[in-house]
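This structure is in structure tokens; I'll ask about it shortly.
Labels run A, B and C following the written order; every chain starts at residue 1.
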Amino acid sequence: MVDFLQALVDGVMLGATYSLLGLGFTLIFGVLRRLNLAFGPTILVGIYAGSHVGLAWPGALWAVVAATVVAAILCGIYVERCSFRALARQAPVVSMISTFAVWMQLQELVSLFEASRTMPYPSPAWLPALTVGPILLRSDALLMWSGATAIMLALFVLLYRTRFGTAVRAVADSSEAATLMGVNVSVIGAAAFLLASTVGGLAGVLIAQSQQQVTPYFGLWATVKGLTAMLLGGAGSLPGAVAGGVILGVVETQTLWHFGGQWRDLASFALLFLVVALSPRARSEPTL
Amino acid sequence: MSDYAVSLLVRIGVEAFVALSAYLLLVIGRISFGQQAFFVIGGYAAGIATALYGAPLAVGIMVGAVAAGVAGALLSAVMAPAGGIYFAAGSLAFGELVRVALLSFHYQVPVGADLTGPAGADGFRGIRALFTGGMSVTTYMLAVSGLLAVTSVVIVLLLSSRWGEAMRMVGEDETASASLGVRVRRVAALTMAGAGALAGLGGGLFVHYVTYIEPGHSDVMLGVHSLAYAFIGGLGTPLGPIIGVALDIGLLESFRFLAGYRMIVFGGLVMGLLVVRPRGLLDEVAVHRLSRLVAWGRR
Amino acid sequence: MLEVREVVTSYGMIQALKGVSLAAREGEVTCILGPNGAGKTTLLYTIAGILRPRSGSISFQGRELAGTSAADVVGRGISLVPENRLVFPHMTVRENLLAGAYVRLGRDRAGVEADLDAMFARFPILKQRAGQAAGTLSGGEQQMLAVARALMARPRLLMMDEPSLGLAPLVVEQIFQIVQGLNREGITVLLVEQNARLALSIAHHAYLLEQGRIAFHGTPSEVSANEGISRAYLGIKGG
């Protein structure tokens, strides 16, 4: 029973970061109706940038965070300009193809800058671990979870309590109607992109500091996690992405505890697979 | 012909099969990031047939294609109803699922003095049917090219038949197609099986050329590249993906100074091309114009 | 208040509006009649800034409007209730209304809240459904929501595209009574309608748009007096 609870708690904490990744995908897909496949790779560039800064200035954690987020945002602007804005009049699938051309580029960019493939990522050393009864809350996991939750809360305040947020949700619901309300749809689209890149960069910081390293495989990994979280909750739904992330996290950690490491990845792919096979939304989604 | 040129042509041929596989699915309106899974399934199956059970080379490769085709048909039972990004994400998951599953796949059989066969993460080595059979590499390359040519002709014929019409209808609008009597499920299943077989064929050809295969060959980049080839080459004809492959591997590879920057340049080319020609170089309009030119030339 | 002069709007090679001129006088209800495909929605979209005219001018309250972006047109005081309502389906009724006041949200939060209460008072059915997702409302309720939402921007000119489309006759009567009421309170209305009889019953001035051109305009009695028009659009034999 204790094992189950521990895994559950671990899963929820891990799931919070998956939720962030899912939110990043959802912000772009929901508002712009196009899938950004370069999202994971832009975070990858961010965490490698952070890693370099961490090596050059040990102890300057804020610089690492800033470097990660700024690099992610810069990549995000690149994607938005070249794959979305430039192709705004084309079918959504064309933007998606363009984003995976960017994926190829960013992946190669990262490998160009690396002597060795895995690099260290700094994490705060001064965090305590907590024990609540028999449940252990590791310090890095706790940071990951509290950071992700804080970001999500801020995001929801932004989206549900501000004029800007109203515009974003209006465009996501019906961009035609939003135009009639006086919303500048293309400005909101670019802003949503910026927001998604920021959230992604922050997610990258939280995940990398927890793993204390970054690998080139992160781009694909983040893409699969984010897509799964988004689709689990119903593509385009922000609360859905949060729920989807948590579900994914719980499923993964439960699988890890009961069946071991190699089954964990299998379980998360299988979950995505099940969603695709069984979700009624999947059937009604038009072919791109 | 230099060894390098031969190896280049074999690579182009092999990847062209995977690109064609992605292309077939595009015709029925499905974006797949998972064709690399069928590539690898075909490779493993072909390798098992020749290296473990002594099948002749051609038979082994056919076995690979059939195995991958069956996998495609089975997958369609689960995935065919999904559309849009669900299908794309699901196919991505399938590609990774196969890769991870293969990491635990051990199947070793004594052949001669050694144990041969898939050894999980270490892959599957010693697939030497091409080299022990006495065929020269150049002959193999010609066989691959010939097979590719025949396949392209078959696909062109298929797409201009009534069957191809049904495929295009499914790609445009499934509900409307169904109401016009198109057996959407059947079209999807057969197309996925065919696409799987094509990728598996590429896998079988690949595995005998390089003599080994490993789970890492189910690489999402392969799937992503295949789609990119289809798009830059052009959606108007199956020649499009082949041209895309040739452009990337042939052209860019030959610029040695681009080594290390190839993906960046190729990616940039794709992005630029999509702005100018969103449906690729040989899009439907270009193909139409070309065919009229040919018809005019014949007169 | 609104003057459209020789406006030409095209979709690629096809000219949808071939030089349309009309005027909507302040405080009046002006209606635009015409068959399907005549260009009525194109005209409204051109005024609303969603489409750009090839040539011609549109002036609103003395200032040129043509070329203004759709978002800025709302800011100038023109709201459009589109064909098919276009409510925000996943947002609640209340959120829809707040979204309607988007141009005012930054500077006049108190005024927006007051208007919200006023809308609920004017449209009690919306108050009942305030927390419901707009996509689940009936056609007539959505139409009322669309009108109320457009009003939240406090427009000086309210444009309506086929408000009767797809609605039961009783509901249509309700909507038109509301429109007439709004006009009496001082809102200028530009109304596109296929239901000529109903439109003429509340209009002060009418235009007939056929194949991208104004074929006729006049008061409702002038329209009914015209034999050809009344037979084609009002189903009346003889003048």
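Quick note on the criterion: contacts are C-beta pairs under 8 Å (C-beta built on N, C-alpha and C of every residue); 3 or more make two chains touch, one makes a residue touch a chain.
Computed from a prediction, not measured in an experiment: that's the story for all the values here.
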Arrangement of touching chains [line / ring / star / complete / other]: line
Closest chain to global C-alpha mean, per-chain Cα centroids: A
Result of counting contacting C-beta pairs for A-B and A-C, higher pair: A-B
Chain B and chain C, separation of their C-alpha mean positions in angstrom: 54
Gap in Å, rounded to a whole number, between the CA centres of chain C and chain A: 43
Gap in Å, rounded to a whole number, between the CA centres of chain B and chain A: 30
Touching two or more other chains - residues of chain B: none
Complex contacts: residues of chain A adjacent to chain B: 29, 35, 82-83, 86-87, 90-91, 93-94, 96-98, 100-105, 107-109, 112, 220, 223-224, 227-228, 231, 235, 262, 265-266, 269-270, 272-273, 275-277, 279, 281-288
Touching residues on chain B, where the partner in the complex is chain A: 29-31, 78-79, 81-90, 92-94, 96-97, 100-101, 103-104, 171, 174, 220-221, 224-225, 227-228, 231, 260-264, 266-268, 270-271, 274-275, 278
Contacting residues of chain C [partner chain A, same complex]: 48, 50, 69-75, 79-80, 82, 86-91, 95, 98-100, 102-103, 105-106, 149-150, 153
Of chain A, residues touching chain C in the complex: 163, 166-167, 169-170, 173-174, 176-184
